[in-house]
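Input: structures, listed below.
Below, chain A partners chain B and then partners chain C, in two separate complexes.
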Partner chain A sequence: MNVNYIFSLIVVLALFLLAYVGVEAAGLQWLFGVVIPYAAVLIFIGGFISRILSWARSPVPFRIPTVGGQGRSLPWIKPNPIDSPSSSGSVVVRMLLEILLFRSLFRNTRADLVEGDKLAYRLEKWLWLFSLLFHYSFLVVFLRHFRFFLDPVPGCVQLLETLDGFLRIEFVNDAIQVGLPGFYISGLVLLAAATFLLLRRMFSAQVKYISLSSDYFPLFLIMGIAFTGIIMRYFLKTDIVAAKALVMGLVSFHPVFDPALTKSVSGVFYGHLFFVCVLLIYFPFSKLMHLGGIFLSPTRNLPNDTRMNRHVNTWNYPVEVHTYEEYEDEYREKMIEAGLPVEKE
Partner chain B sequence: MSDELITADEMLTQIDHKPPGKGWMDTPVNIRKGMYCYASNPKSVEYLGLPNARPWNPMEDDWKLPDNWQEIVHNAFKDRLERFRSFKVFMDICVRCGACADKCHFFLGTGDPKNMPVLRAELLRSVYRNDFTKLGKIMGKLNGARPLTIDVLKEWWYYLYQCTECRRCSLFCPYGIDTAEITIMGREIMNLLGLNIDWIATPIANCYRTGNHLGIQPHAFKDMIDFFVEDIEEVTGLALEPSFNQKDADILFITPSGDVFADPGTYSCMGYLMLFHYLKEKYGLKVTWSTYASEGGNFGFFTSHEMMKRLNSKMYAEARRLGVKWILGGECGHMWRVIHQYMDTMNGPADFLEEPVNPITGTKFENACNTKMVHISEFTADLIKHGKLDLDPSRNDHLSVTFHDSCNPSRGMGMLDEPRYVIQNVCKNFHDMPANTIREQTFCCGSGSGLNAGENMEQRMAGGLPRANAVKHVHEKYGVNMLSCVCAVDRAALPALMEYFVPEVEVCGVTELVANALILPGEKERETDLRMEPLPGREEES
Partner chain C sequence: MQNKGKIITGLVIFIALFTFPFIYRMGKAAPAPDVVLTPKALAAKQCVRSTDYMTAEHMQLLDIWREKVVREGQRLYVTTDGRAFNMSLSNTCLDCHSNKAEFCDRCHDYASVKPYCWECHIDNPKGEKQ
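Moving on, here comes the complex of A and B:
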């Protein structure tokens, strides 16, 4: 038992109950369906921007990239432009690979003592693989949901849905022979990847040791989102038309308060929506801000060229130094005796 | 080495990388002998004008802190968050994925979970959350926040002086979080309370006054070089005349004073002298040494950004005074991170110097056109490439060499192939260590960032374990017997590490290998290498 994940799990379950009961028993559809979503989006946008600005306000006094390959030097030595970028173009490539493909994580190794006295390093790609799956399936799920926000649904969202669903036809029909209506592979991958990340946190000794509740909480929350989404889609057969009407009301700033409509959508939908709202609210105040932070990381977004191009520190202030004159004054006689040249004989 | 030190085998069997059941916040720090460096001498602290100079002992309960120490830390923390984006971003975005956990040599060598880079950073981050974030204030310990108590401060001190600022963790972090940067800030803050270590404070006080860490005064510096001149005469039959503080020189040469002082760095120092003699005789190049700027290393970097700048200022000041064209820098690790990533920003622009050109080959060192300081390996590689050095690599035939990439020239500069090119041109037997332990993934010697003292030998050996392990591998596989490097701290630290784990392997600088092979005009038939050890196969001939 670990208080960190138990606590987070309980909070997430309680949040769901709050929304479910609030809607089903107390009829607070207007709160969970209108007020909180608006507030969440505002907090998210405001919080995100203010966080980025607060980072941006702190200057970058020194150019300190972590160099990951041969630097640019003599003309006949082949530089590694990606891991040791010396131009802004290369920095952009390095950042893109970092952000889109998690390049540094791809380097990951695992160190073990073998035969008692040898350190061996194995490639360890699981974390990279599941992180990538996690983020990309989340992205697909997110984009797929644009069909609830946009009317008519744009072609690219439809194409994405088709691809996402197409994968399932191959997969489910061959393997299980069950025909679910438009099964989306992304939702399942999201849940599976999140589960991997969770189990890794719970059972890998080192990761467990460093994990805080604030590491478990967003994982449970995202799993909750995926889970409620899947339940709604495949088991509860939620009234999608009504749900879309509600969401369209929100995005067009004409929120729907019609009880016939809001009540026809199940409590699980409000739980799902509430989870998303909590995630949005939590985001700017948490480690989830790594989404924005990675763009500002000075060890990655700067070129390795300080000997070539001047970097200015905006707060560079004069410091006390020990001048040559002071030095010579102290040692002049000894210097003359030793035959060392001096300024003043 | 101290008698109390456990043996290498004991150390290896003790390591357990599985953390204990009890959480880290509930595990108080246990400051252990052999794992820390002595507190600084108050005289050094005072000489530098740093705060709270007083005698103190980390093993005693009372660290004699100023009464308002918590306030000092809070304000200093805040100030650094506002001045360094790195610090602020790194405090905020770690997701505790653990990718960095087993990348730190200190964690690999000790198994102490607080030596996982992420936890080292969390020691500060936990206080940051408490003092500067809303969620931390509300949620407290559940969110990993805790107030700064005296025990937390002691934990900071202990573990921030168990980080050699090598930046290996940063390479593997998906966001580039650099725990070294956090250590740098933490040490800077602790210095405001007078929590320094003597192995750093006294060298910087010396350096400030005499120009070098060892406190060698100008006349003594010249004397020491003169000893090398005698030794070189014995080996080559030539009497060299090095120049000091000379105003019409082309190039100012600056290298760490450690090489002037102790073996095996001294052989590299002899190597520099021989190379410059060769270039003077053959091509008329005038290189001068400075007694005022007689230190390339910069332990100020391990104290604070300000101290780094104060010490570094001498390089440009001396180059300007002497009116040289540009500066050449010797083999050193952290010295080169300071030059490459900080010097021009701190003390530049060096508009009084010329863009460095090698007058012998005509090569423009474009990568150094702003800072105007060139690395000796870049310089030597260029000379060799253009066939400007007469070399007899067979004089290094008794050696089977591997190369230790120092942390800073690799992850702070990207200087990986130049030294390898030089080595492979001056000796025939070269074998790299396994890929995960060299180049950008190189492991620290375990004694960097001012931790190469004598009293923390267990810590140094544990930290050097991954490096030694890789050396042992190539020793067993290829018969490697010489570990070369381009760093003076390495040359001071690695011999002890080798003696502990792989006693058959010796340590040398790259320029020592160059000088062994270099055929000086008019020299006698060499019978020994620079260490005065007979060259196999040569004794009989002569």
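Moving on, here comes the complex of A and C:
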């Protein structure tokens, strides 16, 4: 047992209960369905902008790219333009590979003691694989949800739904029924990958040692979102048309308070929505800001060109200089009188 | 601030993408569609199961019906209040809801669902003009 993850788990469960009881017992649909979602979007946008601007304002005095290959030098030494980029084109390629394929994670190693006391490093690809699965399935799930935010639903969203529903898994027995509505791959992959990332933090001794509540909380929260979503789609179904009407009310600035609609979606829906709002609010103040931060990482986005260009430290104090030429101009006559050598007569 | 132009451009693009649903709608309301009941459905007053169940879980009922007919060879469905139905998509559901375009399709278009059933099942069994 570890207080960090128990605490995060309890917080996430409490958040769900708060929304569930809030709507089912206290009838606070207006709070969880209108006020909190609007507040969450505003806090997310404001927090995101201020966080990015605060990073943008910090000076970048030196080139500090971390390189993983030969830099450009003498013509007969073969440079590695991606791992040690010297032009902005190479930096763009490097950044794209980093953002889209998590290239540096691919080099992840793990240290182990073998044969008693020998330290050995091994390549460790599982983290890379599951991070990739996690992020891409999250992206697909997020984009699929645009069927609730857009009306009419554009063709690209429908295409994504068709592709995601490619595996027509159908299963019926007396207790459970899965298959109509169609099964989506992304939801299950998201939950499975998040579970892997969580188990890794819980059972790998080295990672567990450095994990804090702020690492577990977002994982539990995202698992909670995926779990409530899956529950609503396949098991405790809710009135989707009413749910979309509520969301479209928010999106079109005509929030819905009509109890006929707000009461026909289940408490699980409000729990799901509240989780998403908490995620949005938590986002700008947490490690999740790596979404924007990756673009501003000086160890990735700077070219390794210190031997080609002069980079002036932007926080250098503006030193007032008095050059020799100015000095001579000022004292020329006196210098000539005293017989000192001058450069200009 | 260094690289001001690039950072501000990136931020603007991000915010525009994030708020895209708001921009796309431009404040026009998009209420839930009105579904039309046929005179036959109105006369029957109630659906196969309770309205709440039908609204949220009709696909589950259809799936169970399909399983029962195709795999178990049963065709009769008796509700808890004793009404009997032939478990059939085109002959039962579309008997009362023969106006598929104003009933099933209205909801499905709004929620972006395209049931593949009509690739095989006839969607206008009575041959009415649509």
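Here is the rule we use: the second predicted complex is superposed on the first by the 298 of 345 C-alpha atoms of A that agree within 3 Å, B and C clash if a C-alpha of one lies under 4 Å from a C-alpha of the other, contacts with A are read in each partner's own complex, and residues count from 1 in each chain.
Here is the rule we use: contacts are C-beta pairs under 8 Å (C-beta built on N, C-alpha and C of every residue); 3 or more make two chains touch, one makes a residue touch a chain.
Nothing here was measured: the structure is a model prediction, and the numbers come from that model.
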For this session: Scan A:63 for contacts with chain B and chain C and give back first, second, both or neither.
Result: first
Exercise. Does chain B (first) or chain C (second) touch A:157, or do both, or does neither?
Worked result: second
For this session: Have a look at where A:285 lands relative to chain B and chain C in the superposition and call it first, second, both or neither.
Result: first
For this session: Scan A:296 for contacts with chain B and chain C and give back first, second, both or neither.
Result: both
Exercise. After superposition on the shared chain, which partner residues are touched by A:203: those of chain B (first), chain C (second), both, or neither?
Worked result: neither
For this session: Would you sort A:337 into first (chain B), second (chain C), both or neither based on which partner it touches?
Result: first
Exercise. Which of the two partners, first being chain B and second being chain C, lies in contact with A:117: first, second, both, or neither?
Worked result: first
For this session: Find the residues of chain A that appear in the contact set with chain B and again in the contact set with chain C.
Result: 56-57, 59-60, 296
Problem set entry | chain B contact footprint on chain A (complex, rising order) | 3-4, 7, 51, 54-64, 66-80, 83-84, 86, 98, 102, 104-105, 107-111, 113, 116-119, 121, 127, 131, 204-215, 285-287, 289-290, 293-294, 296-300, 304-313, 315-316, 319-324, 327-328, 330-331, 334-335, 337-341
For this session: Write out the stretch or stretches of chain B touching chain A in their complex.
Result: 9, 12-13, 15, 17-19, 23-24, 49, 81-90, 92-99, 101-103, 108, 113, 116, 118-119, 122, 133-135, 139, 142-144, 167, 170-178, 181, 208-211, 217-219, 222-223, 244-247, 291-292, 305-306, 309-310, 313-314, 317-318, 321, 339-342, 344-346, 348-349, 363, 365-371, 373, 378, 381-382, 385, 410-418, 421, 434, 436-437, 439-441, 465-466, 469-470, 473
Seminar exercise, completed: Per the touch rule, the chain A residues reaching chain C in their complex are 44-45, 48-49, 52-53, 56-57, 59-60, 146-147, 149-153, 157-158, 161-162, 170, 172, 177, 179-181, 237-242, 244-245, 248-249, 251-254, 261, 264, 292, 295-296, 314
Problem set entry | Residue ranges of chain C touching chain A (in the complex, touch as defined) | 1-4, 7, 10-11, 14-15, 18-19, 21-22, 24-25, 27-33, 52, 55-57, 59-60, 62-64, 67, 107, 109-115
